[in-house]
Structure formats: C-alpha cells, structure tokens
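Look at the two complexes coming up: chain A is in both, with chain B in one and chain C in the other.
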Partner chain A sequence: MRSAFWAELRRSPLRWWLPVLALVNVAVMASDQGWAGAWPRASAEALRPVVFLGPLVAAGAAWSAARSGLPGVSDRMRSTARVGWMPDAAQLASSAVIGLVGYLTGVAYAAFASVAQAGPGFLWPGYLLLGAAATAACAAIGHIAGRVTGSRFGAPVAAGGGCLILMMALSSLLGLTENGNAVGGDPAFAVKPVALDTRLLLGLGLTATAVTLPSLFGLRAGRWRPELQRWSAGAVGVAVVAAAAALMPTQQVLQERAAPTAPDCTATVPRICLWPEDHFYLKDVTALAVRAGQLPPGLRVPAAFYEQGVKADDSSGFSLDFGSVSDNMWFVASAMAYNVMSSTFGPKACFPSSMSQISYDKMQQSGLLLVQWLSTRIFGGPQPSTVFGGPPGVDPTAIGRLAKEPEAAQAAFVRTQATVQDKYLCKAHAQR
Partner chain B sequence: MDNNTSAERVGDHGRRAVEARALSLGYGRRLVIKDLDFEAVPGVVWLLGPNGAGKTTLLRTLATVSPPRGGTLKILGNVVSGERSARRARSGIGYLPQRFGFYPNFSVYDFVRYCAWLRGVAERGAHQAALAAIGAVGLERQAGTTMRRLSGGMAQRAGIAAAIVGRPPLLLLDEPTVGLDPAQRLEFRSLISSLDGTTVVLSTHLVEDVRAVGGTVVVMNDGRAVFRGSGEELKAAAGPGWPGENALEQGYMNVIGTGQANR
Partner chain C sequence: MPSGSTVARYIRAHHWRGLAIAAAALVADVALSVHTDVSSPAVNGYITVPLAAQVPLITVCLVISSIDGPMASLEQAGSTTLRRCQLWYLVCASCAAALLVGATAALLAPLGTALVLVRGVAIWAGMALLSGRVLRWSLAWVLPLASFFPLNYFGADAAGRFYWWYWARQPAGQVPCLLIAVGSIAVGTCAVALTPWRLASHRAAAVRMFNRLRGRRHTVFSDSSQDIHART
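Presenting the complex of A and B:
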C-alpha cells in the first residue's frame, strides 16, 4: 500500500496546507509560552490546536475522498485486485498522516521549548494521544463526507464545519477541555486510561467505518455484491463508534494522581513543595518562600506550602495553572497569603453565627486587605497588570504602595487588621 | 455465437484468456447482451460495431467491473462468480475504459503507479514497470506532469500506460485510439503488435486499425456477435468486386446489415 499512500499524499491538497498548518500551530503556541518548561503543561498545550487543526484535516480529507466521485474513478477503485477497502485506506491514511504531521509539529515545538529547562519526565502521551485520536476522527469524518456526497466543494465545507461544531460541542467529551476550560496540564491530574482508550476506540471505529462503508453507498444493480467481510468490518466500525459515543459522557477525562513520593521542595524556611514535573518553577517559588519567611512578626507562617495534590488529603494547595510564570507566581503568592491567614487567625469560615452584617463586613474587609498585602509582600511587588480582579473593595495600587513603606509602618498595619480579625473571629481558633 | 468456425479458431489452442458462455449483460431492466459466447486467446481481438452494440458493456464485464446477469465467465483460468474471484482475475487484467477516470492532481507517474498498485503489481518492481509503461506510450517527459495538464491525446496515452503497466496477460481497451493523432495511432498499433503472448481485446470504430494490426475481428450488433473471423474473412464478406481499401468497411457493413460503403 506504500505506493498508493505516497501517490495519494502527493495529490492531497493538505500537502500544500501542511506548512501553513504547522506554522499557525507553532505561532499559536509561541504566542503564550507560560507552559514551556513543565511537561504536563507543554503536553496539554500541544493538544489545544487540534480544535482548529481537526476541522481543516476533515475538509482536506473530504476533498480528497470526494474526487473518487469523478467519472470513471469509482469504477477504477471498485475494480481493484486489492481488497476493497485498501484504496480508501490509502486515501484516508494520506489525509490523516498530513494532519498528524501538522499536529506533531506542535508537539515537537512543545518538546523543543521545554526540554532545556524542564524537570524530570517528558511529554505526556495521554494528552498527545487524545489529540491524535481527535485528529484521526476528523480525517475519518471528512473521508466519509467526501465519499458519500462526492461533492468537492460541499463535502469539505460540511465536513470542516461539522467537525468544528463537534469539537466545540464535544470538546469536554473529547478531552480537549475540562469543566469548560482548556486542559491546563496540571500535574495533579492525568488522563484516565479508560477515557483515553474510549477516545482512541472512537478514532479507530470511525476509521474502520470510513474505509469500509462509504464505498458501499450507491451500490446498485450492475455491481458485484461486496464480500460479507466488508459489511462486517463496517458494522463493527459503526458498533465501536456507537459504543464509544455512549461511553464518553459517562467518563471523566482526567483523574487525580497519587501524591508524589519525592516532591520538589525549596531549601528555605518555610518550604514550598512542588510536583517534580513543575521543577521549572522551583527558582521562582524559592523567592516567594524567602519573602514569606521575612514577614513582620504577629503572623504565623506555615512551615510548608504545597502545590495542589503534592500533599495527600490537603485541599489548601496552590495551583500553577495560570499561564505566564509571573501570573502563576502571583496566584501562588495569593494562595500562600490565604494559608498564612488561616494559620494565623483560624479557618476563614469560623466566626460567630450571631455576628451582625456590619461586623461581618468589617472583619471581611480587614481580611481582604491583609490577603492583598500578604500577596504583594510574598510576590515581591504589586499585583501584575495581566492579573485582573482581586479582592472586592481593595485597591491593589494602594496596597502596592503600602508594601514599599518601612517595616514598622507595615507592622502597624498588620497589628491594626489583626485586632479586627481577633475581635470577630472565634476565639477558639484565634490562637496566635 | 453465430459463426462456429470462427469461434473455434478464436478459442483454440487451449490457452483461452477469456472464456464466456451464454453471457447476458445489461443495466437496470435493460438487457444489452443476451446469450453471448466469447473466447479469446493470445493475440489481438477487435470488437467492431455501431454505437450501442454492446462493446463497452462486454468489455466492462470482461474487466469484471460489472457482473454478468447470466452465463459463465472465466478469465485467465478463474471462474468469475463473485467479488473474491473477480479480484483474483483482476490482477491479470489491464483495462482502459472508454471514459477512464483519474485524479486530476495525480502526476502521470503516480497515476500509472497507482493503477499498477490497484491491479496488485508487487511494490518491488512497480517503479520500473511504471517507467516502462510510460516509456512505451512516449510520455517520459510528461511523467511528472499532473494529469489535468495533459492534452486529450496525452491523457489517453497515460490511460494506455496504466492498462499495460506490469504487462498483464489480458488487455481490455475500450476505444484506445480516441484522441490520438495519426502519428500516435501508428505508435499505438506498433505497441499492440509488440505485445507477444498478451491477449488484447479492444473496441474501435476505426477499421483501418484492424487492417494495419491484423488479428481476429468480432463484429457486434444489437448485443450479438454477428461475425467472428480474420480481417481477410471480413473483407470477403464484402463480396466480389470491392477494392482492397474499402472491402473491410463494406464487409463490416454487410455483416451488420446496413448497406454499402463507398467504392
């Protein structure tokens, strides 16, 4: 099948699009490199372009397959000495391979951008295979559309558009998004093997359907009756697609990983412990830890801060899933600030049930001011302009100015706010 | 078959590439050919006949593109009775349909190589076979040209190359000289004449091709083979008094019963 595959490859319109696909893929990834340096994040980033790559591959596959409807071509393909599905397989393989090469360009870029600074491990096959399965599924959908309609304009539009709509509508089921957000590659989570298998089966089932069934359409008197095996293979393909489609909504794509046995911790007091995969961030979080250790007296700083999932049964961990390193560090600093607050004043929710609204608002406002100030101190500067929002009623600029004032002034600020906290919070938890 | 003597001669030697008995062929409810016996051994068999006589239908069936409605068909020793047996036979059949299909974006080389693959020619040696076939039709310089850029005659030659690639023992050519200029027709005749040991069944409207190449002539009319014999025998059917140039045409017209050609 090698020669047929290469011949199909050389006639495919996708071969002209391939450099464009690859360039757009890399350009999109390069536009925001917050993922670079951490393998799971780089893997998830490599998966994301499938949302636009898939529909383009579907359109190209549809165009190639639709050309089989040209006068005489169908007869030629039908009267082959090869097993009936092989010409379709060669055709579909060429489209799928071009799409996968476009996809792999992004994967290679992700590896290239990460390898110099990343921690242990490599790109995560779970994410990469999800992308490959989605790309192959789109190629198969395009092939089916082209073979069934035989329209070289209508089929690509329908297949490309249909695939785009499917990707958007089913992105969560396909594993391209999680809870409405792009899969971020948080090392605390990994692709569930059974969910991955289901999606790979969907791709395989669609491929089997595409190479066996469409060529049977339009059969009429004057054609040899296709062999039973061909119908059977097509029926199996359809059954696999149906089964996978039925299973997908019942599955979570990601699952929590077991806590690492040897997390990557800073050599500071307090310590900050990360997933080994996030080794890339160790230098930046070390700076946070050092600053957390230099907070004014009166605040209780925990001995260690953990990234989400690093410490089993601890939901207070921070996440490193916010794009750029700077943004990430701000959010880590914020998470650390809340931990300092909890450690100092007790659990946030602990306040008397009889508290008036005015008292509650005062306590709340004072807590938010402290959190913003703690975040700014730990972060080592004001809230980055790329981070929007913040605690309500708190002026980040004013807090930024406060964080530059002499230590005595800041200690006075802490004492004032601590008095408010102590006044209203449960005494049982306010153990400073 | 009406002419038993000729039929026996076409099908002698026990080396029949094609052996069809009581073939009935058609489309939809229309029966185009009924109870046709047809045999062919190595050499050239010309199918002559007016439009609608059933030549293309017969060639499509011999190429195993369409199944017969009735009768038995044996191609290269394989009884063709279903997709599987048809597939076995196809590896030995080179077929040029009247309106042959190709992907316009294929280069000539890719087209010929792809057709070789479709016919089951082994990958090893397919490259050389494709180049040889392209060379045989004089398209070496166009091997890298896409099919859509070829003139009608060149495309027809590419189709012939696709049919002959790998030297199949049975060649079925439906009006292969359509679109060829006189020089190319001469080359085509020379090519056909050089295919020793190959059974070539080809349809044509051009009696001069028959005259030039020789071989067996089968004249079809209204779904029946109304004549089977050599060119000389067809000439003889013209009756006495016809000069050499036009005797073949007149013989043809006599056997299909449409009157006289110009003397």
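Presenting the complex of A and C:
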C-alpha cells in the first residue's frame, strides 16, 4: 500500500500543478501583509486561497482518476491481487497530498511571515483545519468524477467547474470567507468546534465515498471478493456527507470568545487595551494613546479604550481588521474619536426626531467635523490615502491642515464646535 | 466544406453525448446564476462577483477540449478532410456555445449581461486554444481555469473599482475588453494554425536560413514526420 502510494505520488499528473498551487497561495498571502504578526489573523489569511485552490485540485484529481477509463486499465485494476479500494486509496491520497502540500505552502508562509513579529502562540488549528477539510473535499469530488466517468474530457471540467461554483456560492457556508460571518481572524472570534467538526466530517465522508464506492460500480454480482464491507463503508460515507451537508447551514462558523483575563494594555493615560494576540499592534496604539492624552481642554477623554471583545458587554470597541497597520491605526483613531465625542457630549440616541431637520443637520455637521479632526489628531497626521471615504460633507485635507495649526487655533475650533453641540444638546431638546 | 455525413461522423467521434448533457447543464447553470452576485476573496478583502462569471469559462473548456477524442492520433496525421472538419467543428461549436449561453442569458436578464457572458466566451476561447495547443487538446481547460484566480483576486483596486481588464464586471460596450476579446481570438487562431507540422517546417526553414547565413552547406536538420509523432 505504501509503495503504491509513493508510486502514485511520483507519477501523479498533479505534481505539475504543485508549483501553480503553491504560487496561487503565496501570491494571495504576499499581496497583503496586514495580517502578519497576529496569529489568528495569519491563520484566517492562510484560508483565503482555498477558494481558488479547491477547483484546481478537483480538476487535477479528476484528470488523474480518469486514468481508469484508459484502454485496459480497468481490467488491470480489477485483476490485481489487492482489495478493490486500495488503488483508489493510493491515487486519492496522492492527489489530496499534493493539494494539501500546496495549501501548506501558504500556511508555512503565514507562519514564516508572522513568527518574527508575533507574540507567544502559533497558528490557530481551527482555521487551518477548515482549509484542509475543503481541500480534501475538493480532491475527493474530483476523484469521484474522474473514476465514475472514466473520461478525461468531461471529468476535469465538470469537477473543476462544479467546485468553482460550489466555492463561489457556498464559500461562507464552508467557513472559507467572511460573507455572512463575523470577521475572520479577529481574535474576538474563534472557529466553533461543532461547526469545524461538521466540515471535517464532510471532508472525511467524501473521502470515504471516493475510496470505496467507485471500485464497486460495474461489477457483476457473485464475485468471490468480500464486498459487503466496502458497500457498507461507502454507504456510511454517503450518509455522513448527507448529514454534514444538512447540518452545515444551521451553524455559524465563528463564535465569540470570552473576554481575555489579562488583556494587553498600554502604560499610558488614557489606556488602550488589546487582545494578547494583537500584541504586535501595542507599539502603534501606544503612540495613539499618548496623542489622545494631549488633546486640548474641553474634551473628556475616556480613561480606557478597548478592542472589540476585550471588555465584556461593550459594543464601542474598535477592531483591527482593516489590512495594513497604518489603515488599522486610522480606524482605531476614528473609533477613539467617536468614543471621545460620546463621552464629552453624551450619547445621541434621541436624535433626530426630537428636533427640527435644520438643527439636526447643523449638529450633525459640527459633530462630523469634530470627529474627523479628533481622528486626525489622535492618528498623528492626515487621513492616509489608502483609506477611502469618511464623514460625509467633510474635507479630510482641510482638517489635515487644521490639525497642523497652532494649539490655540485648534482649541478655538473645538470651543466653536462644542458651542454648536451644546446648543443642540440632546437632553435639552428632549425636554422641550 | 466537408460533406454532411463526414461532419456527422466527426461529431460522433467527439464526445457528442457529453456535450449534449453539458449543454443542458449549462442552460440550467445560466438560469440559476444569472441574477446572483457572490462575494469572492480579493486583494483588498472581498469583492462581489456575478456568479454567472464561471459560465463562459466552463462552456469554453468543454467545447475546446472536445477536439480531443478517440481519433486524436489519426487527426494528428493531418489529413486534409479531417483537418477541415476540425476547423469547421471548432468554429461552429464555439459559436453554438456562445449563442446558447448568450440566448439563455438574454431571455432572463438584460441584453448587456448576456453580451458580457458572450464576450467571456470569446476571451476564454482564445486562452483555451492556446492551452490546448501548448499542452494537449484534452488539457485545454488548464489555462482558463488557472486564469480565474488572478482575474478575480486582483480584479479591483483598493477603492473597489474594477480594473479595465476585469471583463466579468465591465459593461458590454467597454472598448478595452472588446480589444482583449479580439486579441484573444487572434491568439487562439494562431494557436490553431500553428500545427505541429507547420511548426516543424518553420523550424527547418529557420535552420536552413541560419546555416546559409553561417555560410554552411544546407543540411536536412530533422525528420519532420518523426517530429510530429514526438509531439503528440
């Protein structure tokens, strides 16, 4: 069995795919390095190429399994002095191993890029197993297609195209993309064990089906080989696939983690607290905290800012899911600016029904100006060009210039805007 | 133009059953996917891609790789009748596939959507022909399937705007994508025209030219008929 596996691996047509698979992986990982340095983010990043990898693996597996349709091969396979599933197992194993090695290239790259900067810990197995399950499932689908049709014409395109549709339409169901999920790789979330088990079972069931059933088709009854076990194993495989497919839509792939007991906090006033997994960002957020402590008087800066999920039952936390470090810092500064606003002027939950539209617009506009200015001050520079959008009706470059003016001018700006805010204060208008 | 019975026999030797099943499946595929957008991983997070973007890809892969068949080695020998059949088959099958996809989409969605799919058929057809010529005809699907990754992953810039070459998302009348389609068809035509025997004779001519420039006597460099068999 082992020598058969090695022979298959050496002779597999998929081996020519391996550089392409590895290249796809590394291209995806290298094109955006914002994840490097935080283990959960790196793990989720390693999952992204699977959407493109799966169809390639399926097409390759179908091509190699369609060998059974070449002249004389099926007779030779039936007359081997080995159990019928063995050739299938060896061949599928070779296809799956090559696909998984391609996938692991990306995983290794993620580990390599993170290990120098990240804190303790390692890649999260949950994300990695999701990717491995999907890759193995694609290899199994390809194998079944190639083995059942025995056609090098239809099988690769059908398997590759079929998996492409599956990946495009169901990638969030398989846990491979963020669509419909909470953000992948955010340390506030982890892969739910039950959801992971379901997807692993799907991969295993498909593999079992691919190994056992194809060798049973086209056999006449009454042969001497004991086939009952293979039939039952195949039936179990099909049942597992059906059960897993039925269970998958009922489960969210990610679940919230409990708040950390020892968050990573800056030693500044105000403090910023991060997940220990995001230790990599501590240096950059310390600079933000220092600048938040130097804002002009008249603004009430909260004592602490928390990353999403660090403080239980707190929805105002910021997240670090925006790619590059500088983009992330801009969004952190922006979230902090909103927190400063709400702690200074109170929450605005009663607007706009309690006042006229004109008053509301004035209040809103001055609030947005303040937020943009606060973000720019805390960020320590104008809005980066890689961040698109922003508060409506606010010119980021003008605010960027304002943030460079002398402290007295900026304090005057804050006083003016604060007057507007106080004039249309939520409570005052609600009482009317 | 080869006679009707010749064409019928040619089609019979080229996966006509599989193609008939595939045609039905593709009509269903167009109908199910033409109104759906899905999110796909991209270099700056996620972009939305029309689910129907895969339809032209699969169509083209099936049509072009069906040139391969049980008679492939006979066809490689290059008989005029078979060669002419092959060319007619390629043109007619590609047009029929484009029509099938385009007409189904046009029935269910605006004409622009249908034309975008037809343009996709044209672009990927050239790619598949190149792949089939370089690797082998039954591997015509390799290049188009592999192209799906860079196309979708790098198709949009940081602001989410689609690049001019991202043909799945550009409107039907957009000129650069039409040029890509024309260029791709041209590349595909060259790939079909550069048969092994022509390549061999071109190579022999190049060698003769080279030798003449070097002032040597002209020698026959390679046996071109053996060359053809080595390539198949």
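Convention: the second predicted complex is superposed on the first by the 407 of 432 C-alpha atoms of A that agree within 3 Å, B and C clash if a C-alpha of one lies under 4 Å from a C-alpha of the other, contacts with A are read in each partner's own complex, and residues count from 1 in each chain.
What we mean here is this: a contact is a pair of C-beta atoms (placed from the backbone, for glycine too) under 8 Å apart; a residue touches a chain by one contact, two chains touch by 3 or more.
From a predicted model like this one, the values you see are computed outputs, not experimental measurements.
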Assess the superposed three-chain arrangement around chain A: do chain B and chain C clash, or do they fit?
fit
Between chain B and chain C, whom does A:Phe388 touch in the aligned arrangement: first, second, both, or neither?
second
Is A:Thr207 in contact with chain B, with chain C, with both, or with neither (first, second, both, neither)?
neither
When the two structures are overlaid on chain A, which partner does A:Val20 contact: first (chain B), second (chain C), both, or neither?
second
First (chain B), second (chain C), both or neither: which does A:Val73 touch?
first
Rounded to the nearest 10, the angle in degrees at the CA centre of chain A toward chain B and chain C equals 50
If we overlay the two complexes on their shared chain A, which of chain B and chain C does A:Met168 touch? Say first, second, both or neither.
second
After overlaying the two complexes, what is the shortest C-alpha distance between chain B and chain C, in Å?
9
Within the complex, which stretch of chain A touches chain B?
1-4, 6-8, 10-13, 67, 70-84, 87, 221-227
Under the definition above, what is the set of chain A residues touching chain C in their complex?
20, 24, 27-28, 31-32, 48-49, 51-52, 55-56, 59, 63, 151-154, 156-158, 160-161, 164-165, 168-169, 171-172, 177-179, 323, 386, 388
Which of the residues in chain B end up touching chain A in this complex?
27-28, 60, 63-67, 82-84, 86-88, 90-91, 95, 97, 99-107, 110-111, 113-120, 123, 126-127
Considering only the defined contacts, which chain C positions touch chain A in the complex?
15, 18, 22, 29, 33, 36, 38-41, 43-46, 49, 51, 53-54, 57-58, 61-62, 65-66, 68-69, 138-139, 141, 145-146, 148-150, 152-154, 158-160
